[in-house]
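Below, each structure is written out as structure tokens.
Two complexes come next, and they have one chain in common, chain A, joined by chain B in the first and chain C in the second.
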Partner chain A sequence: MSLSPVTIIWAGVFCLLGIGLYGLLAVRNLIKVIVALQILVKMAMLSLVAASYSVDKLALGQSLAVMVMVADTIVAVIGLALAVQVQQRLGTLDISELSRLRK
Partner chain B sequence: MTIPPFIWCIVLLWGLTPAIYLLGRIGQQRDESPGSPIARWAALAAMLAAWIPLGMAITSFADGPARYTLGAMALEFDGLALLLSVLAMALGTLAVIYSIGYMAGSDDEEKFYAMLVAMIGAIVGLGCATDLFNMWVWFEAMAITSYLLVAFYHEQPGALEAGVKYLVQSAAGSMLILLGIALVLLQTGTLDLSEIHAAAVTSPALLSAGGLFLIGFGVKAALVPVHTWLPDAHSQAPTGVSALLSGVVIEAGLFALLRVITALANVTSDWGVLLMGFGALNMLIGNLMALRQTRIKRLLAFSSLVHIGYMLLGFGAAIYTGTLTGAQGAMFHVFNHGLMKSLAFMAAGCFLYVLHAAHSDHSALVADDLYGAAGRYPFAALAFSIALLSLGGLPPLAGFMSKWQIFVACFNSGNAWISGLAVFGALNSVLSLGYYAPLINRMYRKAPSAVIENGPESLPLSMLVPLGLMALAIVMIGVWPVLLDWLSMPSGLALMAALSG
Partner chain C sequence: MIMSSWLIVLIIGVPWLGAVVLRLVDDRRAQLQHTLAAAFACITGAVSVALLFFSSGEVTLSLPLGEVFGVFTFVPDAFGVSLSAIAAAIGFLAVIFSVDYMQGEAQLGRYYSFILLFIGAMVGLVLSGNLLLLFFFWEITALCSYVLISFYNDDPNAVKGGLQALIVTQLGGVGLLAGALLVQANLGTYQISTFLAEAHTLPVGVLSLTAFGCLFAAAAKSAQAPFHYWLPGAMEAPTPVTALIHAATMVNAGVYLLARFYPAFEGVPGWKTAVVAVGSITALIAGIMAITAVDLKRVLAYSTVSQLGYMVYAIGVGGVFASQFHLFSHAIFKALLFLAAGTVIHSVGTRDMRQMGGLGKSMPFTRAVFIIGSLALTGIPIFNGFWSKELVLESGAAVGPNWAYIIMLIGAGLTAIYTIRMVWMVFYGTPASEEHYHDAAPFMRVSLSVLASGVMVGWLLVGPFGQMMERTLPYHHLHVLTLPELFSEAFRGAPLTLTIVFTGFALYLLLRKFTALWDQFDWLVRFADLDFGFSWLSDRFAGAVQGVAESVRVTQTGQLNWNIFGLVLGLIVILAVLIVGAA
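Let's look at the complex of A and B:
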């Protein structure tokens, strides 16, 4: 069995999904959490483009991916802005510290 | 093609958002004091202006759902959209009026109102979306505006923690939704919800897509294993926003979930069972967690979990058995819960306002601060009591009527398991009085606490007017439940129509 490009792309999608979810669960640094979120975003964009390529609607997939870029940039900006605030107010970026400081 | 009025409602809300911000900014530079009076009145004017097209959309609703197509994008004002937009606009307007007094003089007031109005616009749009990806965009717009509102008090550690938690969970959830959308596109070749309904057959890819939607939208709708952001976010946000988050935003997530699940109805018949299972879990965990809380806003946030449980029970029974009564009852409960929970949050916000005025810091309101509140603030205490009793499901208040309708629908299904779940729900309703009743007892039967004694002489009128209106609505709906048939009937019918394709 030869690997078609689409199979490789889907394998990439699930690898990125695994890496992203692992990162969200394992990492304690807020910046790294946002990086893990960005890996999930790339997974989503890749899957949309791959799916639309398979059903022969590439233009649709690409326009969806552009839209996802716009939305996720805003989310990343807000996440980083929160990280800046956390660092300034609490002096740490560790998210387990964050829940401890609340009390 | 003429543009139907509901489009103007969204356009007005989104178009006026930058205007509110800019006007507020200009007004602020002129008088140098913190806060921005112009932004308040501009936000109120924007909300009232958006009622005009919404009113036109409601009156023309009887002629059939209005539809607007722009290129590949279609928006439709069907029954679900009707309920969600009326709820969002009603609570949004009241929250803006409430915030005029509550937020007066705080920093960044203009940003607060601009985000609030934009969030309401996004919710109205979310209700109208007929296309999976379009729905995701509205959903994301709603999420982004609510992140900013949750982390509004960004000098406080609590609000920052809530904002980070909410952003990370919600953003991860929406990426899972996108993966689900890609799987649906791969299998059916379309993103239109009714075309998906026609093209969907049982397949592993669509089953996993459904699972991804359940997790992704479930984060926003606070299904139990993924609810952990909710108590923090709802208790740390400014009160007007807490009222909207609990009353509308989680319901908007639920509606989005219902839309995709009904579109995937042909994939498996077990969606209803899943919803009912999550419903039972939500009721139990929500109640047990709420019983342990001493902070009022956190307690109310956990009580939202319980009420999402009742809605899931009604919707699950309706989807599983295909009966209208369950859907109609759950829709009725969505509206009632919006009213009750917003009233509870806003009334609790009155006491929080008193606490801040007495201590001038941002400490949380705990149950013991409520001692003897009825003596000094009889109106707010009465409104809070009405909201709590209605949430606990005591007749003749609105909360009783909608719970009753959901339980009746469950018993009518004739299925022993569903009837058992209804009994479980009723027992949970009794259990919930275990944390509502002591609050009322504290307000009416004890000597005033230090906070109440040091509080201001009276509360601002703009905070009391929404309380009065909502308390009146809860009593009226409780006595005449048919008053809301014009909302619950078409939305229930729309859900059933989407289910059968």
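Let's look at the complex of A and C:
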């Protein structure tokens, strides 16, 4: 059985999904959480392109991916800015410490 | 656009614009706020009267909003224009009344802007021809009612009453939303006219669900049993608000809903019986509670609940015209009664009737208009309540189950008893204090006189009102009356009802003389004070909901990893369902 490029891309999508989810579930460092989130967004972008290729609407998928890039940059910037603030005010990046806000 | 579309834009746009403007005016400029509110309400009232001459059964204004919402349409048919005229006209009178009543209160901007928002929403509710749009307006009126009940937000009772009203009416709104979604799912449209035309093609199960969903919504909104307890709690609102929202307009929305969809629902098995049962039981228990209450506004609130019971009952026996006519009369005389009661409360400073008495001497004007309203409420000719109540009872006698008709006759007697008791305790008898109270202020007098003359001559409009309904409501097949027909119809049943009413009067005077006899009913009084157990039931229900919420609170750990776990789990479940569904 030969692997077509699309199949390989889909395999990549699922790998990224697994890595991203694992990161969100297991990691406690806020910076690493943001990295995991970024991996998930990359997964979404990749799957957009792959899906658009499968239905023969490549231009649509690519333009959507560019839009995701823009939104994603903003998310990353705000997330990292938050991380800096958390570090400065609470002196830690451990997200389980952040749940103190609840009390 | 044609003339009537412009009128519809204006009648919703003007009060909503006013709501925004009033919000922007500084609270220190009270005089400007009073003037602006009166001006906006006056324009709305004028537009609503103009709209009466442009009634039609056709869609007049439509806003296409794409696939999900469908087309938002406005239809100025007879229900729509007459109810919007009531809302806008009584809204205007309530605002005029407020100029004196709310003199010197803080935060008038909030007060007036929500009243104007309410007027716009109520008008939109009755004019909308799209179920989803109707639901939106329905919820906006509930919001305004909540905000205005809790207007004195430093008073815990007012906050509690407002929340209770909000929760109960929202709960009812779920029934309406469910009905709207069911209609959309089965007919592919939210248009009310399409629904009325094609209701018979729906599966019986779907139609029954819709019908009972709407009955649920109507019962919650119109304070019918078992949801009636929110209306007495709503009496914490400033009195002009009570007169407008909780007597003349918003509480009628439930009755309006039932009347509007009557052609679609009348064939649903058991629906009419359920409507009759809800209406008659409400009329009875609210009548009993009105006899035992000592808070002036609460008596009027129970009386409103009871009269709404009459309207619901009328729809159950097929008298849609009678029901709408009673709604029209009731809106006027109950607004009059509430505003007159507001005048009394404003000068005496309490709502407790035991601390009143003998006020007739110092407040002759208020006494006169209050008695006019009371005579209409009890159904004494020639006041408007007489004609409409007779019509309701006549349609009940002709069709309905006998037990319900007898309950409604007893209700008429109870009305007589609590009305004479209320008038007696407030204006006659021995004064509770020597103080001389001032009578109604000038602006109050204007509102009260207009409403009082409406009570005396409003019923003369029955002919044009009926013609308009016949012309613009193609699905209802109404049995409308002209003025001479109304005469013969009303006087046919009048001897019986008037006998009952005067027996009620006599009974009260008798019971006053022989207090020992009154004590015999002590158990009933105590039972009625407990609201026949309905508020207990609602408190238990609220407690149970709170308990569930407390126990579910454990899941909110604030741990990010835990939340992600929940998300992934949800995703897996959805995927599994999709895969199983596809297979």
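Assume the second predicted complex is superposed on the first by the 99 of 103 C-alpha atoms of A that agree within 3 Å, B and C clash if a C-alpha of one lies under 4 Å from a C-alpha of the other, contacts with A are read in each partner's own complex, and residues count from 1 in each chain.
Please note the rule applied: a residue touches a chain if its C-beta (ideal position, glycine included) is under 8 Å from a C-beta of that chain, and two chains touch if they have at least 3 such contacts.
The model shown is predicted, which means the values in this text are computed figures rather than measured ones.
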{"item": "Chain B versus chain C as contact partner of A:S96, first or second or both or neither", "value": "second"}
{"item": "First (chain B), second (chain C), both or neither touched by A:L80", "value": "neither"}
{"item": "Partner chain in contact with A:L58 - chain B first, chain C second, else both or neither", "value": "neither"}
{"item": "When both partners are placed on the shared chain, which of chain B and chain C touches more of chain A", "value": "B"}
{"item": "Partner chain(s) touched by A:V33 [first = chain B, second = chain C, both, neither]", "value": "both"}
{"item": "First (chain B), second (chain C), both or neither touched by A:A11", "value": "neither"}
{"item": "Contacts of A:V66 with chain B and chain C, given as first, second, both or neither", "value": "neither"}
{"item": "Chain B and chain C contact sites that coincide on chain A, given as residue numbers", "value": "21, 24, 33, 95, 98-99, 101-102"}
{"item": "Chain B residues touching chain A - in the complex, by the definition given at the top", "value": "72, 133, 137, 140-141, 143-144, 147-148, 151, 154-158, 160-161, 163-164, 167-168, 171-172, 175-176, 178-179, 181-183, 185-186, 189, 191"}
{"item": "Residues on chain C engaged by chain A in the complex (per definition of touch)", "value": "556-561, 564-565, 568"}
{"item": "For the chain A and chain B complex, residues of the former touching the latter", "value": "13, 17, 20-21, 24, 30, 33, 37, 40-41, 43-45, 47-48, 50-52, 54-55, 57, 60-61, 64, 67-68, 71-72, 74-75, 78-79, 82-83, 85-86, 89-90, 95, 98-99, 101-102"}
{"item": "Residue ranges of chain A touching chain C (in the complex, touch as defined)", "value": "21, 24-28, 33, 95-96, 98-99, 101-102"}
